[in-house]
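Would you mind keeping the following structure in view while I ask a few things?
The first chain written gets the first letter, and so on, giving A, B, C and D; residue counts start at 1 in each chain.
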Amino acid sequence: MQLTSMYQEIILDHYRDPHGRGLREPYGGESHQVNPTCGDEVTLRVQLDDDVVRDVSYEGMGCSISQASQSILHDLVVGQPLPRAREIAADFLTLMQSKGEPAVAESLEDSLEDAVAFVGVGRYPARIKCALLGWMAFRDASEQAAVAQGGTG
Amino acid sequence: MQLTSMYQEIILDHYRDPHGRGLREPYGGESHQVNPTCGDEVTLRVQLDDDVVRDVSYEGMGCSISQASQSILHDLVVGQPLPRAREIAADFLTLMQSKGEPAVAESLEDSLEDAVAFVGVGRYPARIKCALLGWMAFRDASEQAAVAQGGTG
Amino acid sequence: MTGIVSGYDVEVLRKDFPILERRLADDHPLVYLDSANTSQKPRQVLDRLREHYEQHNANVARAVHQLGEEATAAFEGARDTLAAFVKAPSRDEIIFTRGVTEGLNLVANVLAWAEPPYRVGPGDEVLVTEMEHHSNIVPWQLLTQRTGATLRWIGLTDEGRLDLSNLDELITERTKVVSLVHVSNMLGTLNPVADIARRAHEVGALVVLDAAQAVPQLPYDVTATGADIVGFTGHKMLGPTGIGVLWGRRDLLAALPPFHGGGEMIEDVRMERSTYAGPPHRFEAGTPPIAQAIGLAAAADYLTAVGMDNVAAHEQAITAYALERLQAVPGIRILGPTTVEDRGGAISFTYGTLHPHDIGQVLDSLGIAVRGGHHCAKPVHRRFGIGASTRASAYLYTTTAEIDALAGGLEQVRRFFGVRF
Amino acid sequence: MTGIVSGYDVEVLRKDFPILERRLADDHPLVYLDSANTSQKPRQVLDRLREHYEQHNANVARAVHQLGEEATAAFEGARDTLAAFVKAPSRDEIIFTRGVTEGLNLVANVLAWAEPPYRVGPGDEVLVTEMEHHSNIVPWQLLTQRTGATLRWIGLTDEGRLDLSNLDELITERTKVVSLVHVSNMLGTLNPVADIARRAHEVGALVVLDAAQAVPQLPYDVTATGADIVGFTGHKMLGPTGIGVLWGRRDLLAALPPFHGGGEMIEDVRMERSTYAGPPHRFEAGTPPIAQAIGLAAAADYLTAVGMDNVAAHEQAITAYALERLQAVPGIRILGPTTVEDRGGAISFTYGTLHPHDIGQVLDSLGIAVRGGHHCAKPVHRRFGIGASTRASAYLYTTTAEIDALAGGLEQVRRFFGVRF
């Protein structure tokens, strides 16, 4: 069944055992995002250290897709220089807009690593917002953090 | 063709040569009526004399049906005691709501005389208002006139 | 069919609904349990729509030609049909709207500009409840914010019923409007509207009912509700989208100012000033949803032919069956009344820690359509400490086999995510 | 077909319109010359409607199931289609309404509550014209009466064009809105909207266009009009009733407050307060006219396939032909431009002293459908010293033979009433 194309094992793993969950101090920027169609929410904090993403901490409620996506986000961007983290975020958006095109996923594999597992979600328009919720919060919070430290924001 | 069932010769005669047209003094009540769907208008005055309709005078713009109907109204009610004039008006309303039923027209022939020629108009919902415009004005103006003279209004 | 007895043959009736024969992905037959969101349409409604467009299409109330007369007769005839369907004392009390949302906005909007005693202004209060659909909250927020009035609301008990314990504090001399849902689209609760209407009328408040879920399911009598205004929506009662009805007491409607301005709602227009037609046309500016009103009348005819008593009895029986089946599934918690008394057909629930999106997605892969989300009722979700729920809702075409499919599907959901409750 | 050459075969195209085969009383074929009132619908639109209801019906933006996704894709796809049809820079600038009347009311309504600089308040002025449809007069009367602003209007020349001689006195620093008709539904006049928009923008006024008669007839480019907001209506462009479009500049829409409150227009709802979605959803409260939007997209697809250039050329040719034929009938006086330059397809006229109702009734007995009355434009009738007129209006399916039938019918009207002019 098609279902496994959305719920790949790696997504279910992150959902059952999310990485980096919880809100932590200190942080340079925080963002709260709501998905108006289902009411799901996330609060996400970003801590920069000289333009390197030192921590991403988050809390909220949402479906397996949004939870797993936030967990993978944490894995991908923590430790990265902010410009590179933003590239990753842009690539993830591209993946979500690819309508599930395997070729797009393949071309992004180097950048997104495990996160290409989300390619199947792109075929379900109602779920794309779920996958993007944390990433929208990251874009917002990282901008704030950059501005706060007087960086490249 | 069906058309002649609406435009009976007697209606066309009244249209071409209306009776009692023009606004006259004195009058005890006046009413202005508008047909919102076509913009047709009539101003109609009623003069009572001891509960007898002494004069009905009118002016306005409208189609052959509304013009002829006002002319026939004038013929029917002038000289009648007000209660009888109201009966005639009620009968005309019944005729218009009869959906063109010949039996209804027949039963009203004694009361309405020539005016039963309007029976065919009842089959054209859009035109019923045209035929009734003057009669609505009469009801209104005659009530005013009755009140003004302290009568049965 | 097993398990329940209906006043009509559900399997035969289902043949009127072409979409129910649809096969979805992996050749699963459609199991449509989202009727509180929108209902499916019988062939009879679609045929009437098509016949109108192919044979009688014209604008109404404006043209002196055969098509125009036919279209006007059908449209105004639809008003008669809907008036009879909800036992309105007069056809002139039936206003056609896009849906109940527009109807409620119409009321909230004209009350800002009405003459006393209806005008809502500074110091006045509008009372709603915590179980309202957003469509019966936001219009009143806009009204009260813009006029300096205050919005108050009736809270809920843990069983999902209105908490009427402090009603005397909530309905006071300041209350100008009490607007509430007749049957909740989320909890399923059927509210004691006649009682509340009586209390509201004691202080001279207007009573407005959101009957979006009630009219499709119950034999309806607008005056028996005790309300002054009742709104409902066509697409939830087998009718087309884009059409709804607002019923209002004739003398009240006659005293209210217009809503939108435009064609058909006028008596005379001058550049300086206009005068307006009487109800219902005063509230129907512009070309109305002609074909949709005619289609809705066909839907009302269909429901009347089945018999609204039968529809209500089936809804009760299938809801009772579903409540029982669902409560037997480990991990299911029903939100709202768990038995069928004073209850409509919507059943919202949580399922362990699983998210409604995930539940809905797995069910969908089996052809089972339910709704997951806040169902346009965020405050009541918040009241129960959750953000979203899963909702199954039946209608006159729903079978017990479909309820069984749902119960079975939920077991598969659990297995798919590898959880136990 | 004789007399004109079109970019498509009109006789072949007519076969798409089932109603055009209808026989009326006395077996007269239908001669439908009332398209400015409402257009007829091609099979392609009716098929799309039926297919939607029979295969994909569900509510939009709310459900995570296959039907819901299909319905949402079709509905939001309709937004793309309509955006492309009028060359809107962004799909988010397309708001679905019931029709242009609702669209104009939406604008007038939100401007009462907008933040500066858009808010219309005491001392401000709104400018319309004397040739407006009631739908572009009454909403502005309501707005100005309720906010203490003033309504002014541009007068007309005897030829039925805007009298722009005193435009500098009418458009001043006080002018907040200029709202006018692009193509008059009564006079047929095509107005110089880009010029007027430029003048209005010099003083910072918003420009609103009633394009109800323009979009169906002309290749349309909303930004080329120079306007900030453009409204049109589906039923006049081969689409269903109950649907229209309001286009607005994205940054403007983003700055305006909501219109109706309810489902789908929100971001978050608490009992105390709500926040709202961005455009277009902010302005689409409640279940939208889903099937109707999809049907309208089918209509736009149909028009695009014929080619809007071809539609416009045919309209011009048939209007030129009709103007010529009608002016040859003794007693006919055309209201509005008598040649086809800067002119749309509606032709209103008087015929001796005969009343439009009588003219229309006799024509109807011959199967010829025209409109008699004030066409929801009483002020322009008053301007020309009359209460009502007869209007013939063609569309892409109209043939010269139908115009000939009209001319011949008018002669029979004259004979029937036994008058000479």
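One rule holds in what follows: a residue touches a chain if its C-beta (ideal position, glycine included) is under 8 Å from a C-beta of that chain, and two chains touch if they have at least 3 such contacts.
Everything numeric here is computed off the predicted structure, so don't read it as measured data.
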Shared interface partners, meaning chains that touch subunit A and subunit C: D
Taking each chain's C-alpha mean as its centre, the one farthest from subunit C: B
Inter-centroid spacing, subunit D versus subunit A (mean Cα positions, whole Å): 46
Where subunit B and subunit D are represented by their mean Cα positions, the distance between them in whole Å: 38
Separation of mean Cα positions, subunit D and subunit C [Å, integer]: 31
Approximate Å spacing (C-alpha centroids) for the pair subunit B, subunit C: 46
Subunit A, residues touching no fewer than two other chains: 37, 124, 127
For subunit D, residues that touch 2 or more chains besides their own: 25, 62-64, 68, 266, 268, 357, 361, 372-373, 378
Pairs of chains in contact (touch as defined earlier), listed by label: A-C, A-D, B-C, B-D, C-D
Subunit C to subunit D touching residues, read off their complex: 18-19, 22, 24-25, 30, 32, 34, 37-38, 40-41, 46, 49-50, 53-59, 62-68, 98-102, 104-105, 108-109, 113, 130, 133-135, 137-142, 146, 151, 153, 233, 235, 240-243, 258, 260-266, 268-271, 273-274, 285-292, 357, 360-361, 363-364, 368-373, 375-376, 378-379, 382
Parts of subunit B lying in touch with subunit C, wherever the complex brings them together: 34, 36-37, 124-127
Complex contact set, residues of subunit C against subunit B: 61-64, 68-69, 72-73, 266-268, 277
Touching residues on subunit D, where the partner in the complex is subunit B: 25-26, 355-358, 361-362, 365, 372-374, 378, 381, 387-388, 416-418
List of subunit A residues in touch with subunit C within their complex: 1-3, 6-7, 12, 16, 37-41, 61-65, 124, 127, 130
